[in-house]
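Below are two complexes that have subunit A in common, paired first with subunit B and then with subunit C.
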Partner chain A sequence: MKRWWIWIVAGLLPLQALALSGEEAMKKSQAAFLYPGKDFKARVVMKLINKDGQERLRELTMLRKNAGEPGGDQKYFMYFFQPADVKDMTFMIHKYPARDDDRWLFVPAINMVKRIAAQDKRSSFVGSDFTYEDVSGRDIEDDNHIIEREEKVGNRDCYVVKSTPKGTDADFGHKVTWVDKANFLPLKEEQYDKRGNRYKLFTADEVTDIKAFPTAIKRTMKNLQTGHRTEVAYIKTDYDLGIEDSLFSERYLRQPPRKWID
Partner chain B sequence: MIRFSLVDFSIRRPQLVVAATVVLTILFLTQLPRITTDTNPKHMLPETSDVRVWNNEVDRIFALYEDTIVVGVQSDGGVLNRETLGRIARITEEILKLQGVASRDVNGFTTITNVTAEAGTLKVGPLMPAAPPSEAEVESLRQALFGNPLFINRIISPDGKTTAIYVPLEKGANGAEIAKKIHDIVAKEKGPERYYIAGDPVARDTFGAEMFKLMGIFSPIAGMIMFITIQLMFRNLSLSFTMMAVAMAAIIWSMGLLIGVGLPVHIMSSMAPVFLMAIATDSIHIFNEFYFRYREKRDKLAAIRETMQAVSRPVRYTALATAAGFAVLLFMNIIPVKVFGGLIAFGTVVLRLFSFSLIPAILTFVKEEKIAKGAESVSAELDRTARLLRRIAEVGGTRPLATALVGVVLLVVAIVGTSKIHVNNNLVAWFKEASEIRVADAAMNQALGGTSLGYLVVLANQPEFMKRPEAVRWLEGLQRHLEGMPVVGKTFSVADYVKRINRVLHDDDKKFEAVPDTKEAIGQYLFLFSMSAKPSDLDNVVDTTFQKANVWVQLKTWDAEAMRQVIHAAGAYQKAHALPVSVKPAGIAYFNLVWNDEVLGDMVRGFVMALVVVFVILALAFRSAKWALVGYMPLLFTILLIYGVVGFAGKDFDMPLSVLSTLSLGMAVDFAIHFISRFRQRLAETGSRDVQEALLWTAARPGKGIFRNAVLFAAAFSVMLFAPLTPYIAVGAFIVSMMLLSALLTILYLSALIMLGRKWLLDEPMPAAGAAPAQTKGG
Partner chain C sequence: MPGIIRSIAVGLFAFAALTPPGTSAEVTLSGFLQQNTAFNTVTENPDGRHYKWLEERAQLKLDATGGAWRVLLKGEVAYDHLGRQDESELREGYVDYAARNWDLRAGRQVITWGLGDLVFVNDVFPKDHEALFAGRPLEYLKRGVDAVKLGVYPGLASFELVVAPTFRESRTPDPNRFWLFDPLPAVTNRTTVKPEQGDAGLRVYRDIAGYDAAMYLYRGFHRTPSMRPDSMLAPTKITYFYPKLFIYGASLSGRAGGGVLNLEAAFYDSRQDRSGSDFTVPNSQTRVLVGYQIQPVEDLSLNFQYYAERMHAYDSYRGALPAGFPAEKRVNHYFTARATQLLQHQTLRLSVYASYNASNGDYFVTPELRYSFTDHLWGAVGANFFGGKPWGQFGQLSQNDNVYLQLRHEF
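Coming up: the complex of A and B.
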């Protein structure tokens, strides 16, 4: 029994594994928030509300299909109902970690599909307070993640993770995410600008289980510096519908199949 | 007669009066450190004024910033080279880090949204995300800049030598501090570029600094000059100190009150110390008379009493006239003018209170031998100054008709000049030509689209209207119409985005630089644009419901008239091209126009009010409308002459000058009051009917007081001729010339007019003894 200490170490290992790293927490969070199911469909109602309370409406059907594991490639397809004059407009994103997305837009008024450069993931998503990154995720490897503390949001226990960009090209300073310890959904996120001022606040306002996937069906992003906010509600949310890969093509941008966009 | 008992009390208990004044002055003095300044031109009009309410609403609807600092970068070799672009990128990066800067909406090469098509791909994003690493990229930047009409004259000058970074500030940010930090940032860059830092916050800050300079440096210098002048006149240090002490105390009381009630110091009230110092010189009449009386009686206390009796009536009425002249300003619409009026009215009342308390009290402390010495020098001086004044009165008195005729001719010329007066307020012109602000403004105006910004808000009566092709085309047409005007440098509207996107979607084909034919296309273009652009890009030009559109109009001049021309042109365009919309102007340029018109309205109203009030006071002072009319003449003459000069010189008639026109009535009338009161007293005292002799005596004796008063007044204000802001200089020149001219004209023309109208004027019985007690005493 000369190697008795190995057993002790082995006995301690599970405990070490339990002590989650910041990066792992954010990975799990990304998987739970942006990658649940093989595919996903929802009718999304976005209210863009300025500081005087004036509202603008965006209504669209959003379809998503994962190519593989969480953290991998994804395809998004969006069909707009509102505002009225953009009805039939469609928008498609092929998302690749670690390189620029491909984006296409169909402009029905001139019957034209146009590729759109995706040089800036931090630009606004359809004029809302969400950026493309907020909607489809930021590469975990781009930031350093540290669990700063644990804290409750409402009655949910959370990890509080501070993420700081590794490079200098990010347009924000850092962000702090409250990740639900049980289901890893981000319940709250604060984004800070480079001057260290808090400028955006994300909150998951209502979480419900759909096909056993905990889903934030109501969420808000508020720009604290302008007072502008965007409230998002997911209605008719569903997972694992068997959306075929061929849907995510230029051809269907012009004529999306009825069954998928209602 | 409260004032007489006040004088008696002050002579009996001088220590108490002085001590009480000192204590009160210290009390007011404690308020001074709390001083705040307000240099925001918007605060000229009340917050509830239509133009400010509307402008705030426009700012809100179109997410506009109240304050923007413009950083101009200019290089004779052009800014489109790797070195300069590298500097611009670095500078912008540093600016974005500054607290208080609305970073998300900073617009410069590295941040402004550009819509382009490259290899069939639509690109909406920052024009130059980073400094270009190669010449090829510099070249493509050049093409992007000059290929996009949205950029020319906005962030690049047509000759490529000037660019600008627009730095909007968050509400409540300290513009002065940020401007200073930007100064530091550009100072770190070594290169051939010139940097201009301009914009409202910078102008305001400079303005504030100059105001402090006026109050902190020029007012004391004015005080020193007055002190020296008084000393030369009376050769008695303690008397000179008394006058200065009285002036200082009145200034401290007034400024202490202003600051104490929490009001900020504004351009007008910053001149209050100089005004009060000058108004304080009215007590020169007390000293003047005191010296004469003392020389006659050699009894100090008796001389004080008699002096106070002799001058009390004119001094009271001149104070009343001055206070009333300023109090008229309380009825004006422009806030700083109102505050200024109240401030000086208060100060004048305080000064008069001192005249009947502090001055007699201090006079009791003055050593008799010193007075005797001073009085002797008075008599010595009498020979020169008084003789000159006598001679002036002689000219008027012996050749009244000729004098009057010359006056009429001058008057006609002056009226012609007055009709040429051009009311205009140009805030940038308030700075001297060589000042950093004027230089920056001139450079930016020359290179780019213009620094003065106005908006034309186009309002439809239903939502989504601004997506209609006819509406967007109408906007486009309006822009072209406005751009034909010489004062308009650049215009900018939602039409520019629509056209740009149309072109870019069609492979950058010039043919498509036009408004598309369907509402759907426009809606979809703008939606597409909003998907990637900064939210503010679209918000700045259309409201969220697309019912209102905002046309930006950059003007090449800050003259208020420029915006009036724009509004007229918009009206004409609307008549020629009917569309169910209304156009409402807004923005700082529009504010300046409204303010300018308020100044004009205020001037006319204030002037008429002052004319009436001063006439009533004259009539009360003389208990005769006839005498009031005569007393009026030199005053009107003076003002018309000065207006005539202003008109012929082509100087803009702006707010400070218009305020002065009102005030000058109240200040210049003093001389007439002194002259006529003392003339009539003289006639009554001597019982003589020799009008000419009485006139000559008046010209020589109280006339000397008038002369000294005018010289002192002018001396104090002459300092302002060297002040750093042009309104101060204008005020200085106006007052100096007005005081000297009105003293001269009072003595000359009152003599002439009284001689001419002596039958008409003197037929009435002299005022009863009870009404003017002074006349019963010997003189």
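Coming up: the complex of A and C.
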């Protein structure tokens, strides 16, 4: 009986283990959302829809390969099918979490590969409502993350994480992410401007398991201030295909191999 | 027109014959219909017409892939309202074979080397300068070469060898459409002699500490012609010819201070006149390019270039130059700037390019507004403005300012 306190400590232990910090939650979320598998391939169909309902289509194959652990370097290769004036264009990103990306663009009309300046990860990806950061991730260390509460999205239990930029140079005030407690996918995210107004809303509209990796195969980003939204569907999604490192090179930017881009 | 149809038919047949049985071929057909007009804004053409360009054009592109093989055919038919009969062409038509560590492309192909934006240091392949100055879409700046290109990728570096059995020249502005400087306007008897040999180029490239590094070698001819009168005192005939040229060059491109830094240099070895004593042959030259590209805010990119050309045997050149001919400077310094702003979810693009030659005051400015009405229809309106010395590269074009329209439906 002298050791009654052990039982109290033992009773608290599971709670201690479960009490995740906001930063850990966002790290796990990024790993689940942007790093699953050693590599990844999807045909991405983006619909850019304005407030009057007019649609434009962007269609591409996206290939990704991780250099190491989640949170580390990644390489992206994209081949564009649509719109017609960018057909056969390819685009490559070498992404480094702590510094600016390297980006190369192949312009088929003049058969030229050129590097393009990439200072701003917050700029629009191919004109859509998604930014480069939304597509390939924002550095976890750039923000402070706090789990504010737990809440359901649909029937899924979620952590609600508030992320506030540490520096003053960010172009947004803060964001709030609903992270699925079971698989750590972000199911919803609200971005607020510096005045505290909600201006962008992300939703994962359909999640399915592909090779046991839960994958948001339908997702939407809506600009609440302009009414413009982008709906994205991932089709032919697959993981761990054994994509060679050599794919991410000038040779294949100029002549993308069919087996990877169909 | 029949030539293009025949080429496509031959390509299809070759593709069908080369594809091993059992491999599935994937064939895509695409193309466009295009209208392109450029109005003169200063004066009519030398031939009295009011347009620099006025044509309808259709392109059909066939792209077929099966296993390691690929065939691409890009043929165009065009109707020119200004009287040219020969505007239909096979833009590109080649067969690719890709193995693990090497690949081969044979046929008419567009090749672009180097880093310059409308400044060419190591891009030794033929261009269409007329297309650039007459407000045609950017892709017409480049002409295909009929060549075999071998790529070898052993890991240490990548090698690209281009061998063309026949020489293809750059297209220069047509003197019927463009006011151009002519030192001997009275001589109307003119002929052109093209090299009987082909040419060859080698590019070796690899990553060095995060920078894209490349070396270039070229053995061939100047792409734009030189003119030689039969006599300096009483010329009766002018012969255009393409002097022999070797080029040794290098380039480096990478991130620097938030932008992209481009460095490029080349030595132009004018083999036909290394002493510089023949004024009709271009002097040997060193060309240097420094470029810096940044994206200061979302969807705005800026590109600045400094480019210099230095003659090697300048004293001999000046000594041999006949009286009355305009003298080039020993060094020409150029500054160029391009600003591109994307708007409306990148469907509207505003851009302006300006080039200024600080050595002789020559300039070329081309603003453009391009809008995608739908995913299949885009239009552009722009202008070309030229000025400077009457014999300068751009100054001689000062009577040729124009405003252009491009409209293209892609399918």
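Please note the rule applied: the second predicted complex is superposed on the first by the 248 of 262 C-alpha atoms of A that agree within 3 Å, B and C clash if a C-alpha of one lies under 4 Å from a C-alpha of the other, contacts with A are read in each partner's own complex, and residues count from 1 in each chain.
In this text, contacts are C-beta pairs under 8 Å (C-beta built on N, C-alpha and C of every residue); 3 or more make two chains touch, one makes a residue touch a chain.
Just so you know, these numbers come straight off a predicted model, no measurement behind them.
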Clash or fit, subunit B versus subunit C on superposed subunit A: clash
Which of subunit B and subunit C A:H228 touches, first, second, both or neither: both
First, second, both or neither for A:M92, with subunit B first and subunit C second: neither
First, second, both or neither for A:E250, with subunit B first and subunit C second: second
First (subunit B), second (subunit C), both or neither touched by A:Q82: second
Contacts of A:R258 with subunit B and subunit C, given as first, second, both or neither: second
First (subunit B), second (subunit C), both or neither touched by A:D52: first
Partner chain(s) touched by A:D100 [first = subunit B, second = subunit C, both, neither]: second
Which of subunit B and subunit C A:N111 touches, first, second, both or neither: second
Subunit B clash site on subunit C (candidates 23-31, 95-103, 221-229 or 293-301): 293-301
Common interface positions of subunit A, toward subunit B and toward subunit C: 48, 50, 56, 83, 85, 109-110, 112, 114-117, 119-120, 123-124, 126-127, 228
Contact footprint of subunit A on subunit B as seen in their complex: 60, 63, 96-99, 102-104, 118, 120-126, 129, 170, 464, 467, 505, 516, 518-525, 527-528, 530-535, 538, 544-545
Interfacial residue positions of subunit A with respect to subunit B in the complex: 48, 50, 52, 54-56, 83, 85-86, 89, 91, 105, 107-110, 112, 114-117, 119-120, 123-127, 193-195, 197, 225-226, 228
Residues of subunit C touching subunit A in the complex: 26, 30, 32, 65, 70, 96, 98, 103, 109-112, 115, 137-139, 141-142, 151, 153, 158, 205, 210, 212, 253-255, 258-260, 262, 293-299, 301, 342, 345-347, 372, 374-376, 378, 408, 410-411
List of subunit A residues in touch with subunit C within their complex: 48, 50, 56-57, 82-85, 87, 100, 102, 109-112, 114-120, 122-124, 126-128, 228, 246, 249-251, 255, 257-258, 262
